[in-house]
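Beneath this line is the structure, given in structure tokens, with notes to follow.
Order of writing sets the chain letters: A, B and C. Residues in each chain are counted from 1.
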């Protein structure tokens, strides 16, 4: 595997799931693959979950890790030829990126959408420059339009509860202790191959937020859900918030949130700013602030005892109420814990290709 | 061991000392314990000594290390339920802390006192949130009111010189070359168990400073000294600077610095701001700036050829004169070097509890 | 080896080259040397190439690495004795540096020239303090006046092409894929010992720049080239830009850039600010901005099919044109890749001295 951006990059999902559960049962099984291999994590934007889980996954795989924080303001690379570089850009990407590639074996890139220039964001300019010029396998650690490590972790989580429903014990104390604390070896994975248990209705629902957020998470989530034949995806959002067709073509869109929620097995809440699909001038703007979309217990009562999911960080009582996120049906912490697993599989694949 | 905050957490001191000297003789002896275990160091405040010595100790124990610098200004976690999070707080502690716990096995927390709200500081709010919600063993890397890794290192240092007096060679050149440079294997520990050599008089003395400093170091130092039956602790400070009874109950306080110093074997100098014990309104303030408290050669002449100690960083000629800190009796560099040892013991204990 | 600052520190160059090529063929051969040894990298200034390549080299050698970013503004160490430290300096170097030495085995220091006080810069004050007070072997990761890891990498690169000319394939795509990607084991080093192939004319040429830059790179480059009997060094620059005699004594200086380039095998371009040798008041200033010095294809046509070199980052069309830096004769990426090799040799030497 040379790039990890879209769901197609991971190949057949049942095989990817089987690897995920194998690694979850024995996180250090493939540690030999990473010996004397170096991961370079390049952050153009802040990160908490991605930074920590990716570092952990790389260490699980026996890799060395170099973390590079690029102050977005300082990263002024010249990209044109012929320019006399006597301004504020001190290096050309044609030197900077190959040099980074010299000192590592695999590169992870984090770079958010600017949310002002749709074409620039959706061209994934920074990510593509690394792919083209670094000479190394490259994976997205959330970029302008995709967050595949999150979507992969979400799919792992859905498979765990879809085929092997284990209600979490109730109570806030327990809410906080789930995650990767589950003793390894005792962990019971879903049926062989990780796929099975029949079809589930999964609802991706927009929810309100006070700031403009990218579409990376919903884009990748939709793409991954649509790739799984055992998942029936419904997307619900206010009119005008249509996601880009390259990610959601073929998905069912239901503008009535209640109708969408009816009979759902999994509710995946997320805010995103206007994708500018129906009106390009709206790109990156907040064109709806309807707080009736906040997921509360009444919303969840419409579902089929649905599980609640969110990629975190989450603004409580804006995206979701305290009661719902702390309920036994909330999977937010297991989702986060599975970030270590999805990234381990990606690194395993890339390391295997380097052997 | 699940937490390391107070002296009680380490159990019998003679056993802890024996482990410290065992590790000092062979720093990598317990490296197998940390294989595939990850320490997460979370800094809400800057750190030099603690950052370096803790990282070194973790690597001695064979652990992986993730360092997370949380810009104190940016770490605006919501802590209440029911709040609509549409302000500047982007995450709730009930999500943030369990997620951090997902990606590691042990957590170290650094968070200074704000020195404005005594109740908030002495409740150790940040530290307690990590203990309650992370699901992981947690140790203090200096928090609002305690610095147990320093106090443990100080006790190790006192034991080394108490039972095994080895005057340091004179001269500044030598002053700078002591520390952990001592060849391992040649290191000669104190009598078995690390305790012995009879009783020593240890004086904790306040000294002037130009900025408001927390009470974490004197609090923990007093607590650890009081726990050792072979140490006779005297605390001396200007009236009004009384330390919190939870740390110093039972200690002898002597407001006359000269009387306190007479016959002392060890002088431990430190500034702290007003603890607000006698007058809560004074909490965190500088209510005395009497420079006659600066430890100079005349002060040291009152002692029993006493050793000089300070946790560093130290402001020279305010806390202590150049002559005293550079004298053969100064133990400041060996103290700092022992930070690696105290932290190694703490990690060893926590790792053993995880096996 | 206790220090690595000047070319003399590395001993006979043929032996150093032989070690470099041995390590380039098997980067992990000496990994046992670094077991349980810790490198501390201390940055007073930003760094990309040096940070990444040094970390990679240390991991190649099996070392643990601690990276310490010292905000240059915050690093206000008192250096005098007798000062009452009640100002903005919170620590004395006589404590700070020995403490850093406590927690590591080898120290790398990065500290740029201030370019205002020539005497201070050329005294290498910060670097010398670490050498004197840390108790550890110290190497320069570019300091005020030297950049020996770069010069060593440059010499390795020249040796590779001098004795074993392998024209790079043409085309930009290939330009970006060279470097350390060359499969190990297939790498074919120069003739035994790394020295041979007869004499080469190497030209160090000044080129214009829009900002004041230090003289560290040209100083070290000249020093290393002059130490190699198979290299005929010519330095060319505008009058007034004479480099410090301690680095260039014995070098041929040619003020006519065209005459200098004639017959050259290697062109090493670099800007530096006025070294203040002929006029101390000019130190650190830009006293020439003649853009006819920019290396373009016409310049290269004067050479003996010369290779183009630059330490990077480079401002295109100011130092060198796009065409030249992207030509098959450009060695800028292989040079950067060899930074990992030169640093590996330095660490190997220092680790051997610690065994």
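In this text, contacts are C-beta pairs under 8 Å (C-beta built on N, C-alpha and C of every residue); 3 or more make two chains touch, one makes a residue touch a chain.
In this text the structure is predicted, and so the values were computed from the model without any measurement.
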Fit chain A to chain B on CA atoms, both being copies of the same sequence, and give the resulting rotation angle in degrees, nearest 5. 120
Residue numbers at the chain A-chain C contact, same meaning over half shared and different meaning under half, come out as different
Please tell me the distance, in whole Å, between the geometric centres of chain A and chain C computed from their C-alpha atoms. 41
Residues of chain A that touch at least two other chains are none
As the complex stands, chain A meets chain B at residues 27-28, 31, 48-49, 51-53, 55-56, 59-60, 172, 175-181, 210, 312-318, 322, 325-326, 332-333, 336-337, 339-340
Could you please specify the touching residues of chain C with respect to chain B in the complex? 36, 38, 40, 64, 66, 68, 78, 81-87, 90-92, 94-104, 132-135
